[in-house]
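As written, the chains take the letters A, B, C, D and E, and residue 1 is the first residue of each chain.
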Amino acid sequence: MSTRARIAGLALVTAGVATILVTHWMMAFWVPSEAAQGVVQRIFYVHVPAAWTTFLAVGIVALASAVHLWLEDERADAAAVAAAEGALIFGAIMLITGPLWGRIAWGTYWTWEPRLTLTLLLWFTYLGYFLIRGSVADPRRGKRFAAVVAIVGSLNIPLIHVSVEMFRSLHPGPVVIKPEGPTLHADMLATLLTSLAGFTLLFLGLFTFRYAVERLRRRPLPAAAGEAGEALI
Amino acid sequence: MTLVGRGLVCSYGPTRALDGVDIVAGGGEIVAVVGPNGAGKTTLLRALSGERRPDRGDVLLDGSPVSGADPGWRGRVGLVSHRTGLYRKLTVAENLTFFAALHRISDARHAVARSLETVGVATLAKTRVEALSRGQAQRVALARSLLHDPGILFLDEPFTGLDPAAAAALESTLRARRAAGGVIILVTHELRRCLGLADRVVVLQRGHKVYDGETGSADAADLLRFFTATSSDAS
Amino acid sequence: MTLVGRGLVCSYGPTRALDGVDIVAGGGEIVAVVGPNGAGKTTLLRALSGERRPDRGDVLLDGSPVSGADPGWRGRVGLVSHRTGLYRKLTVAENLTFFAALHRISDARHAVARSLETVGVATLAKTRVEALSRGQAQRVALARSLLHDPGILFLDEPFTGLDPAAAAALESTLRARRAAGGVIILVTHELRRCLGLADRVVVLQRGHKVYDGETGSADAADLLRFFTATSSDAS
Amino acid sequence: MSELRRAWLITRKDLRLEFRTGGRLLSMIAFVVLAGFLFAFALDHNLVPGRDVAAALIWLVILFASTAGAGRIFDAEEEEGAFRHLLLTPVSRPAVFLGKTMANLIVIWLVTALTFISLTAFLDVRDQGSLTAHAAVLLPGTIGLAATGTFFGRMSRHSSLGDTLLPVLTFPLLVPVIYLGATSTARVLLERPWTEISGSVRLLWAFAVGSVFIGAALFRHLTDE
Amino acid sequence: MSELRRAWLITRKDLRLEFRTGGRLLSMIAFVVLAGFLFAFALDHNLVPGRDVAAALIWLVILFASTAGAGRIFDAEEEEGAFRHLLLTPVSRPAVFLGKTMANLIVIWLVTALTFISLTAFLDVRDQGSLTAHAAVLLPGTIGLAATGTFFGRMSRHSSLGDTLLPVLTFPLLVPVIYLGATSTARVLLERPWTEISGSVRLLWAFAVGSVFIGAALFRHLTDE
């Protein structure tokens, strides 16, 4: 199991990294610059895929958490933990690229506008996910509690998505995912989708690795004699 | 009917309150659980009643596992705990009627009146719980635990605050329920009373079971010595 | 030192919980107060300690009236009541240190350590009260009542939740305080224990004193019969 | 069906406790009336018409009622440890959640009604917007807030860290509700056509239904150890 | 002197309980930040400048903190019946009152500070009025409200009638304070000269000193039966 997981993880990570390298080439030499913002706009190809990968990760955490609550399956909890780490990592990428872009596009790193605030809170929620697991006295209760947090926290995603329309917002609205279909130059769309593929592959690779490690960590240790005897009763 | 706890382990954070306890209680049997303060008696009742799922081990009724998540199981259990578990701002009758309705008792009014009769506080039905004395409140708590005629009773120091008459009445109620085939697990510190009342006694110490035997057997006196000798510290 | 309650009357609204009770407790004497549930024992302690001013009657210490409004009096009184009276979110040591400071105890740390030692919970000093078992909390409540070495002790069912070892330790503590000349008023339902421990026993019933005599005298056995016979209803 | 009846029993019991204690309701009443006073006196009515702050104020008070309620709704349950006995009866967890949410909701409604009266009295917000339209906005909003309040109120009782996380978890849920609610109420006050409001109301209903269902489904994880 | 030290012990104990429980403080923080959000998004900033509601909002939050605090400040005392044991120590009643008022006050200050931050963030009320001037207005106002809160909080615990009477009793006291406070803060925000404000501040101080002294003097009638 664990060798297979290692091979699968390695393959996925390699594919992801390769695709991301291709994206970088596309970003640097291939895709046309956006008219208004110029070169700066190219951070778009990192920012948006990072955001979507975060969403994917959060979705997996919520799903796995729901399964864990329902079936009390350790595997589901391990999957949730693995995905939650991904959510934190890709969320961090999004939260770093966003302000960098904002510094140039808006003249400020940060403003308390709805999408940014909600995104930050989303990230904190999944930080809290880990804190709560560790801090509740009974570890099993901690897991279930964290699962509840994960599910409630994931409700944030649709809100983040519609927040741009709901509130007066600085942040640009959807250019790809909207009812009328994408309003984006075809080359830009291609670059974006390539980048998205790379991020997703990378995430799935890391996820597979982390999942295998979690499973290993939870395997009951070859116990001392007393422990083993007790377990048999 | 037999209630079995098998290899029960319960921790509060780093504290292991129960560390692999096995306990068996048959129908028509009163099992007394004794032990020094902090031994894990209350925790044992919490695990058996399903209020707290044990970290390890399981609870079986007639061989099939039970859990607090199962309403069927909860309907068969009666519990008296350290606190009265009543709503202070409601009257005695309001409290009991509320719990009777949640227990789906069809003739709630009658059941409430009868159980208040049993514990001798019938005249207090319209009094708010906050205006009761400690012993009166304890009687109401007992009435609540008997309301739905539960087959399995968990009693955590039920004699607390009861005057001798009420204590005697409780003893005879328990004897009657034993005769009717109920399972009764009784935690108490009054060794004399428990030796007179219970069929079997289990001694806990620091989360371990250190004694388990018939009260009638010759060991009972030893047990008393044993228990009082080793329980000098609560921590 | 003699504590006297004279013609004490206390009502809760229409309920007369105490209806003209006289009680005398000398220094070096343990007076037990017994009686059925709702007889007014707790109310009597509240009146004597000054927590509740009686509607009529007064409390005298060595002939001069005392009142809960007088800090000097409050400093001499120790109290154990039905509830532990501890802050659940504070640790055991924080609780006791707080009360020690309010009692103007100069070497608070030492006093706290010593009183925890006495009740056998020294190792729990850093535990929050919410994480204690019932008996452990009761021990801490006892420790708090002894902290400032009070000359007058009011104990309302202090044996609640104590294991036999702790109960024995409490008995010997009380004996030692009696020897030192303290006034001790003890409410309990354990007749055997109170007959063994107390010098005098007072029986309350529906707010009236119905018996008052030495425990050594021949009446004690009668008393037991008398008490159990008449207390069939708590209301 | 009979679980609904049991939920209603819990509601009735909670309301009875609420009215006998009085504390929460009365402090809310005091707060509402004082808030009306405050804005009536503090704002310069030549510059700021009362109507412009009325919507925000209404929702602020509703928020207050559900925030203050969130923590307190389980206080009476814990006073003498009654909740564990309630949980030990065969009543289902969704029924407990619904019962408590309903009690919470009724208190919020009372407070909201009072707010309207207080605003009418102090801010001269009179005859503005039809009552039906106001109710149509307030109904889903208060349902959603009551359910969230019950859920997180229990959560904060359950774990010490949960408490610290509470604001972080509730914000993303509450901010949009409050925003949608306040803007819709403002439009109702201005007597704008219903089509300008219906979109928000639909979102509020989605939130209300979602939080009631998710709360009911997940509640047992906050009650069974 | 040593009674003051004992009062401080009570304050420290109360704050410790407050921070370990978290509930009250956190629900206030949530409320404050959400209130900021709400007014920031709900008001049309072209019509209503944030500054105009800022003063009312600050005082509303302070009022909320002291109202919510009033009932809860004695909750932890009653949880296991600790208060009667506290009262049975030789500590004087004024010291108990001062200790609890101080704890109440510190929580109110924390909430007020947070309100300023939240308003600065959400309502763009930045660099308006000197901090010293704001503090000069808020100091007596919060002291007065904390003392009244403690007093009436105990009163509502003490008797069931007190509870019903509470709003009736507190209103006449609180309305002027809130009014004076909010108008003064509004003037500070507008950077009006101090002479326009000093009269109100003097009245606020009179209220603060008065309520602390009267509270301390009368407190024993609320504690000793």
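Definition applied: contacts are C-beta pairs under 8 Å (C-beta built on N, C-alpha and C of every residue); 3 or more make two chains touch, one makes a residue touch a chain.
Predicted model, so just to flag it, every value in this text is computed and none were measured.
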item: Distance in touch steps, counted as few as possible, from chain C out to chain E; value: 1
item: Intersection of contact partners for chain C and chain D; value: B, E
item: Identity of the chain that, by mean CA position, is farthest from chain E; value: B
item: Distance-maximising chain from chain C - centres being C-alpha averages; value: A
item: Middle chain, criterion being Cα centroid separation; value: D
item: Distance from the mean Cα position of chain B to that of chain A, given in whole angstrom; value: 49
item: Rounded Å distance, chain A centre to chain D centre (Cα mean); value: 33
item: Chain centre separation in whole Å, for chain E relative to chain A (CA means); value: 43
item: Chain centre separation in whole Å, for chain D relative to chain B (CA means); value: 39
item: Two or more partner chains touched - positions in chain A; value: 114, 138, 167
item: Of all residues in chain B, the ones touching two or more other chains; value: 12, 53, 82
item: Set of chain E residues in contact with two or more other chains; value: 20-21, 41
item: Touching residues (chain side chain D, partner chain A) in the complex; value: 151, 155, 158-162, 165, 168-169, 171-173, 175-176, 179-180, 203, 210, 214, 218, 221-222, 225
item: Contact set on chain D toward chain E in their complex; value: 21-24, 26-27, 29-31, 33-35, 37-39, 41-44, 47-48, 52-53, 55-56, 59-60, 63-64, 67-68, 70-71, 75, 156, 160, 163-164, 166-167, 170-171, 174-175, 178-179, 182-183, 186
item: Touching residues (chain side chain C, partner chain E) in the complex; value: 49, 51-53, 68-69, 71-72, 74-75, 77, 79, 81-90, 94, 98-99, 101-104, 129, 144
item: Interface residues, chain B side, partner chain C - complex; value: 12, 15, 35-38, 42, 82, 119-124, 131-136, 138-139, 157, 160-168, 189-191, 227-228, 231-235
item: Of chain A, residues touching chain D in the complex; value: 69, 114, 117-118, 121-122, 124-125, 128, 131-132, 135-136, 138, 141, 144-145, 147-149, 151-153, 155-156, 159, 163, 166-167
